Amino acid sequence: MVRISLDSVNALFAAIAEREALYIPTDTAPGIAQFKKWQSGMEMTERLKTSRSAKDFFFPQTENLVDFKVSGKKIDIIDPREETEDFVIFGVRACDAKSFEILDRVFLSEPVDTYYQNRRAHGTIVTLACSRPSESCFCQTFGIDPAAPGGDVSAWKREGFLYLEPITEKGRTLLSGLSALLEECPEDAVEAEKESIRGILKKLPLASLTPDAFGGGKTEKYFDSEKWKSLSEACLGCGTCTFVCPTCQCYDIRDFDTGHGVRRFRCWDSCMYSDFTKMASGNPRLTQKERFRQRFMHKLVYYPENNDGIFGCVGCGRCVEKCPISMNIVKVMKTLGEDET
Amino acid sequence: MPISEFKPKIVAFCCNWCSYAGADLAGTNRLNYPADVKIIRVPCSCRVNPIFILRAFQRGADGVILCGCHPGDCHYTTGNYYTRRRMTLLFSMLDYLGIEKERTRVEWVSAAEGAKFAAVMQDFVKTVTELGENKRLEDRRCKKP
Amino acid sequence: MQKIGVFVCHCGTNIAGTVDVKAVAEALSHEPGVVFAADYPYMCSESGQNLIKDAIREHGLTGVVICSCSPRMHETTFRKAAASAGLNSYMVEIANIREQCSWIHKDMKTATEKAVILGRAAIAKVALNTPLTASETPVTKRALVIGGGIAGIQTALDIADAGFEVDIVEKEPTIGGKMAQIDKTFPTLDCAACILTPKMVDCAQNEKIHIYAYSEVESVKGFVGNFTVGIKKKARYVDETKCTGCGLCTEKCPMKKTPNLFNLGLDTRSAIYIPFAQAVPKVATIDADYCNMLKNGRCGVCSKVCTAGAIDYHQQDEHIEEKYGAIVVATGFNPIKLDNFDEYAYAQSPDVVTSLELERLMNAAGPNGGTLLRPSDKTHPHTIVFVQCVGSRDTSGCGKPYCSKICCMYTAKHAMLIRDKYPDTEVYVFYIDVRTPGKNFDEFYRRAVEEYGVHYIKGMVGKVMPQKNGKLLVRASDLLAGEQLKIEADMVVLAAAIEPDKTARSLATMLTASMDTNDFFTEAHPKLRPVESPTAGIFLSGVCQGPKDIPETVAQASAAAAKVIGLLVKDKLKSNPCIAHANETLCNGCSSCERVCPYGAITYVDKEFRMPDRTTKIRRVASVNAAVCQGCGACTVACPSGAMDLSGFSNQQIMAEVDAICR
Amino acid sequence: MQEAMKKRAKELLASGEVTRVIGWKKNEFDYDITPAVFESAEEIDRDFRYDDFCGPNLSKFTFKNQKNDTKTLVFLKPCDTYSMTQLITEHRVNRDALYLIGIPCFGKIDIEKIRADGTDGILSIASEGADVTVKTLYGDKTYVKADVMAERCLACKSKYHTIYDELMGEEGEVMETGRFNEVEKLEAMTPDERFGFWRGELSRCIRCNACRNACPACTCESCVFDNPDTGISQKAAADSFEENMFHIIRAFHVAGRCTDCGECSRVCPQHIPLHLLNRKFIRDIDKLYGEYQAGEEVGQRSPLVNFTTDDAEPDIVRKGGK
């Protein structure tokens, strides 16, 4: 365990940024924090959550896959990838850190998504414990402990100091390069902070939410539930929940004619969009109800069924805060779960 | 790029009945204007969707000009009156977004105004050349490598 | 798979002089979809066209791009050539490399590069062309003329002469219009009635012409070749089929104090009346506002004296629906109201009259039997002042900004007639300019000044003041002499501006025919199509299109008739296939397109749709009438969902051209 | 008001006058409000709510959930009535199948403003008169309502209802609250400043389509940006151009039709002031073509499908005469 005074944290950032790209969450608009590439003078946000999740670093909203160069009737195929530089993401919350594991199971299983894999290999994650969780947080529902946020390095803020503890080899490498700025310290302060956080967790309004009613094998139980209709009736069919979600991983592949060639890129897609499963024969998901159901069934039933019982939600609460009509996974779990108890 | 070397790309939408004929007349009278101007024939200026104008900028145009019959002389009676409102509002919006207002223009050129057509194009090309490359509404993917 | 052929024309040296045509053909041959590219000295020549036709057949071309002169020159030529080789004529695009390239650029390299880009744009467009066919609609071989003045009469006679049925709808009880109220005509001074009434009689007797007098157009539906018009025949309380026009009823009617509108209210008539002796149809009409029988059920004299039994106090308005292939608007004009011109004391003094009133005062059938007398005391006037441009060329907002065109000439006529008949009467004419551009017009005006001694004074009348002695004090300025004048006149005659008849505005809405800000109908082209409205099938005759005198009106009336005949001789109308069409699945039914359509070509229908969830839903969607749409494209931009598109100039095609040019 | 509304809704359901009621219901937290259809008195008793958090414009919800074969009661705030009127003008809802009740609005609270103040862990929130009391895990806070009211409510254009069958509470008036101040501030900037401002804002866009899908003017059967046949469809802004394109064209498509209800900015998860685009069009229309308020009366003709022969020339922009 090492620590640095919060007053000197800029020096720490500068030292990291000297070696590789550093991203920290910073305020970009009133009420909006985003991960931005650190540069001198940039302050870390006081907000708990960034409006977009940290998945952007490994699975960006748009990503070029291949370029086709067209000249007359000739077509050349070009791989647009350049060597990705090493980078550090600082201040990732426990929920987002956990989401990488969920994404890994999708993108790193065979056939491996090399675009994702490449970015993942170059990224070092410094997490930050949540001193002041929000009412919309329910990570503990999925067994995540925001007091021990994980990542390559875990960090805590307490009484004017930033405490850091390496978790992985990558983390140790990062910290060893910064030893001049860091001082060794006992773990008491961090233990106290953990205790404080866990105390607050118990008082969160969603503390009692459990996923027990869900998991693999529940498809038949919920698929035809009458409740989907009223749950989904106000859904606008926008992509907000899926785009702020750290675990949503669906994408579309599109071609863009640049005039002198074709760029094939992928971009996030949303199962909430009416054309999501549209095929030449039509769309098997007939209405917003089916699309809405898909999103939650995927996170609560299908994903755990295929992934050793792990849920496809990390309880970050972004969808709870951002949905224009305030309909979200918590309400779905509570409404459908009523039958279970 | 130094200004002298910069050759702007100009898209000119011309209505079939007045301005396209005006452009033809400029040709018949051998009135020179820069080759940077490429004309697209449309039935009426009111056929031009703001989408086409943005599309031109996306694809690398540095200036877009729309030419139609003089108000009151529209072959379809009222087409250019709608054009006038649509384009005034669109141009004002582009200006509001900080995009150079000199890159877009509407001119009324009749079938008899070959000389005006050439003069308008010369002036527009000059203006856009001075502005330089369109950066604010470009799509980097469409730039030639 | 696209198989596009590119044909680059040298146009002798017109193109080849500055554009390397071979290089253009070579460059374009590498474009996607191009399977054939050639150059030729004259593509429009027979052998050039044969080259195109052979290539279409040999290579099975799906599209043709001709790099040549302006499409305004030879598009039709090349379309015909393509069609004769079995390719739809709308699969041809022209790259204009002459007017818009070779003729304006001197440098071979620049011009060649530009020609290649223009060719590419045409290739990109033609790849998205779709075969189009002109639709055909049958033509109802009957015309409607709205308005029965000299314009309507002449148009109707000419159409009938060509063998087509034609109906005249006239809102007054008789046809004849303003010309019937005029005494003499310039510049020949022949009697208006003498030349008009035979034409009115011709109308009545022509078996192809049907006159709906005392009737109005209520509704217009349909489109060129197929209009359905609702006509209201107003109740005249006299059975037209029985009335013989003997006039006995008008003599016996006790309500003699009814204002005589034909004489502009300068005298009175009976409540049952025939407007004037030569009225067509010569049928009596009861003025319901003055008839005692209709107002309170007491009287019934006319019914008693009518031997034909034609009087019907219970007659109702009749609503008729008729079908027409063409409609001619001949709604004419009226002098403006003079409420805004207090300075001329028109409302205060009966001796201040308008020129049209003067016509009646001088007419043998007028209130004084043709002797010009002061309206106030029926004495002979010794001094008459004419004021020109009363409300014409007036940009102050009180009057009309335009020149009424006829006033200069009729004033010269009036002045001359007065001086001829009453040499002791002094005539002064105050004018801004005297405009006499017409055959024998200036000679006529000079005669008024030189032979008849009319005092023409360039200047404005500031004020007309009625005096205690019954005279009118006219204060005016003489601009040439630079002095103020005071003239004591017996009468003042105002050349009031003329304006379109008030009914024209609502009619224009029904016809979806456009008007200018002064409510004159707009012509399809101010120079080249002066008698057609931009709305297909609607034609313009007479002053409804703009101020004009009788000879001009008659000329335009005949021209309109010629246009109508040209339309009616066709059995079917072929329409331009480059028109708008609505994608019903995308259409919101919001009416934006309908509102910008200048032709009323868009209507809405309720249609049943199968929804994604397999239910059905009825939605309001736009439908474009192919016979009416002219293809301007205004609707395509008004439509937010992109449901409206234009064949031949589709969104995709135009964007493909944009892309190709900017590439 | 909430209780009176519940009572009236139940009466109308009971009498058979209507079979459905469109209103708001509370969701997880005090500030979480979801538009909903109620079909029974029990549902109304249990879930119906109307308070200072009921921001969502029910006109769009009504459009999406309309039924022709039965009559639906819809509660409309003043600004919702403008949207409803506009939808009726555009034949997008069937007026005959609706029973509209106008209800008063005293300004809605923007929870994001409270959050932006650093307040988190909200356990309860109550709005009483001018005070908003927030209880949180980290202590309680009291705000002056005006400080945490939504921007669109601070610049409220009207408390007047443009359409209703029945009105509850007092009718209000059209107001002048300086809603164009922000637009004017932007207009006063240099083009470079404006470009910087909008790049900063629009670059946050995640193309979630919330603005479009919540917008009561965006009711297209298929949006041009979703329809691959238009050639301009896009799913994510792959280049800054597409951010501009989407927002310019969206604003243009609703120009003359946008009632300035502010839903676009309310729902934007990235807090982009999208209403400033729409207001610019409204401002220009007012200045150039005469004051025009969309949704004021049924059958209005939008300025974009209208003209006068002496309209301003597009040059006015270049010459800065405006």
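Per-chain numbering from 1; labels A, B, C and D assigned in written order.
Please note the rule applied: a residue touches a chain if its C-beta (ideal position, glycine included) is under 8 Å from a C-beta of that chain, and two chains touch if they have at least 3 such contacts.
From a predicted model like this one, the values you see are computed outputs, not experimental measurements.
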{"item": "Contact-richer chain pair (by C-beta pairs counted) among C-D and A-B", "value": "C-D"}
{"item": "Approximate Å spacing (C-alpha centroids) for the pair chain A, chain B", "value": "46"}
{"item": "Distance between chain centroids, defined by C-alpha means - chain B, chain C (Å)", "value": "34"}
{"item": "Distance from chain C to chain A - Cα centre to Cα centre, in angstrom", "value": "69"}
{"item": "Contacts with two or more other chains, residues of chain A listed in rising order", "value": "256, 259-260, 274"}
{"item": "Touching two or more other chains - residue numbers and ranges from chain C", "value": "516, 596, 638, 651, 655, 659, 662-663"}
{"item": "Numbers and ranges of chain B residues touching at least 2 other chains", "value": "50-51, 55, 59-60, 72, 78, 82, 86, 141-142"}
{"item": "Overall pattern in which the protein chains touch one another (line/ring/star/complete/other)", "value": "complete"}
{"item": "Chain D-touching residues of chain B, taken from the complex the two chains share", "value": "50-51, 54-55, 57-58, 71-72, 78, 81-82, 84-102, 104-106, 136-141"}
{"item": "Complex contact set, residues of chain C against chain A", "value": "30-32, 612-614, 659, 662-663"}
{"item": "Residue ranges of chain D in contact with chain B within the complex", "value": "186-187, 191-199, 224, 232, 238-242, 244-245, 248-249, 251-252, 255, 277, 280-281, 284-285, 288-289, 303-309, 311-318, 322"}
{"item": "Residues of chain A that touch chain D when the two form their complex", "value": "28-32, 34, 46-48, 51-52, 61-62, 132-136, 200, 203-206, 230, 233-234, 236-240, 242-244, 252, 254, 256, 265, 267-270, 273-275, 320-322, 324-328, 330-331"}
{"item": "Complex contact set, residues of chain D against chain A", "value": "27-29, 32-37, 56, 61, 65, 112-113, 115-116, 118, 120-123, 136-138, 200-201, 204, 206-210, 212-214, 226, 235-238, 266-267, 269-271"}
